[in-house]
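Next, two complexes with chain A in common: one pairs it with chain B, the other with chain C.
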Partner chain A sequence: MYVILVYDVNVARVAKVLKIARKYLHWVQNSVLEGELTEATFRKLKHELGQVIDVKEDSVLFYVLGNQRYTTRELLGVKKGGEEWIW
Partner chain B sequence: MKRTLYLFRSGRLRRKENTLAVETEEQRRYFPVENVRDIFVFGEVDLNKEVLEFLCDNEILVHFFSYYGHYVGSFYPREHYNSGYMVLKQAEHYMDPAKRLNLARRFVEGALENILQVLRYYHHRGKDLSEYVAAIERFLKSALPSCQTIEELMAMEGNARSYYYESFNIILEDSPFRIEGRSKKPPTDPLNALISFGNTLVYVKVLSEIYKTHLDPRIGYLHATNFRRFTLNLDVAEVFKPILADRVLFTLVGRRMLSPGDFDRCGSAVFLSERGRRTLVEEFERKLQSTFHHRRLKRNVSYQTLLRLELYKLEKHLIGEEEYTPFVSRW
Partner chain C sequence: MYVILVYDVNVARVAKVLKIARKYLHWVQNSVLEGELTEATFRKLKHELGQVIDVKEDSVLFYVLGNQRYTTRELLGVKKGGEEWIW
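This part shows the complex of A and B:
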């Protein structure tokens, strides 16, 4: 599955969330990461994030796409990051 | 599915915040460790023990290539699928001449069948390859069964392949490249440079997959086991070279994605430039990720998965569960 992760958390935990998310997904721009995950790695990611966020205050959103076949992605402005395997 | 990271830039590969990061002078880039299967290093990359430990924990292989794109070696992390049983079975099939010949013959059969498939594919697309198709068919039907030793098998396979390489001139008749026989160490023309680099990628890919099974890469059957190198991956790669390396080569040259400027000359030797390598690697990955319907499994599988499935078939053969038959492409 293809996952887009968007987070809005208290500044005290931003770094922690980013650090965990980077183990699983590619950083796209501030507070946005995306990438291909398996069911299991997706669960691991959610579990790990669940450990650090404050559920009363923070918000982490996952947009889950079955595959990327019917999606397009458009960019306006600067490309800051993204998925690259040949670098 | 896990992916392969190809590093062409120079910098430092490190463990940073429990994930992988590459630092160059201008920037730091993170790669999600949970999604990395293996790393192919082409640039001048520094690394330390800390990152090796981390790669070992995550069972990630690192393959190193020289400035000219030759295989240098791999960081093969501590084996996690240790099976003395499988090693004994592998050795048993190596020590028994009849069993070894049988397996070696299967690999050559797979290689020839797939070569034939490639030739037929282009024959149906208007290239006159009937002469080559007939010749390879002869090798397959009469020469292969009559081989009684590994040496004969190797010689026969070599002859068939040199015949096959001649056909590249017909398949690629309107491209700027021509091949005058196979040359390696070093390759002397662009097509040979492409064949060599493509084959290297297949060898190394198969090696990565072997790490994820119980098989030991040191015991091969067609290629004699010796003191110097991994050989099982060379055997299995024989079956896939025509459908992976060669088909990608035809795509790249046929679609004019590579030009004479993508090759570097060094005396009589010809090597792919970095840009050329990037282009090939990109197309090669696209091929590996592409899927098709697997008749027996009744589901779609990628070529990447197919490499692993081939090793499972081999395991089954070694433990006496099911006779190994090489994968033969049908299109």
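This part shows the complex of A and C:
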């Protein structure tokens, strides 16, 4: 499954969230990471993030694309992520 | 088509980008908006945003879901957007 992660967390926790998320996904732009995950790695990612965020204040949103074929991505402006997007 | 917009723009331009984006989409969390658009309104949104961002510095990413059926959304933490998500 292809996962798009978008986070909106307290600045004090951004570094921790980013460090965890980058183990599994590649950085696309501020507060956005993407990548192909198995069910197991997706569970691990959610578990690890759950340990560091404040669930009453922070928000981490996952869009899980069952089938990438139906999703296209368009960019306006500069491409920030270093990694090539694997579409 | 269902569109997820994620912006990473200079703080000086966030208010303008948000004002435009909110005309077409509903706010989900910081730097993320979503909503159902026609081709025409999607073109208008991109055109208007193109007038206010600095394409050499800012980045606005659109994920266009041709078919929402293949996409699920999961939230970790607090739900920030006010509008109910129309899935």
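Please note the rule applied: the second predicted complex is superposed on the first by the 82 of 87 C-alpha atoms of A that agree within 3 Å, B and C clash if a C-alpha of one lies under 4 Å from a C-alpha of the other, contacts with A are read in each partner's own complex, and residues count from 1 in each chain.
Rule of thumb we're sticking to: a contact is a pair of C-beta atoms (placed from the backbone, for glycine too) under 8 Å apart; a residue touches a chain by one contact, two chains touch by 3 or more.
Remember, predicted model here, so these are calculated numbers, not experimental data.
Once the two structures are overlaid, the count of chain A residues touched is higher for C than for its counterpart among chain B and chain C.
Legend: residue contacts after superposition of the two complexes on their common chain; A:Asp58 is shown touching chain C, with no touch to chain B. In the superposition on chain A, contact of A:Arg43 is made with neither chain B nor chain C. In the superposed model, A:Gly35 lies in contact with chain B only, and not with chain C. In the superposition on chain A, A:Tyr24 makes contact with chain B only, not with chain C.
Shared contact residues of chain A, touching chain B in one structure and chain C in the other, are absent. Residues 4, 6, 8-9, 28-32, 46, 49-50, 53-67, 70-80 of chain C touch chain A in their complex.
Looking at the complex, you find that chain B touches chain A at residues 1, 3-9, 17-19, 22, 29-35, 278, 281-282, 285. Note for the complex: chain A touches chain B at residues 19, 22-27, 35-38, 41, 44-45, 81, 84-87.
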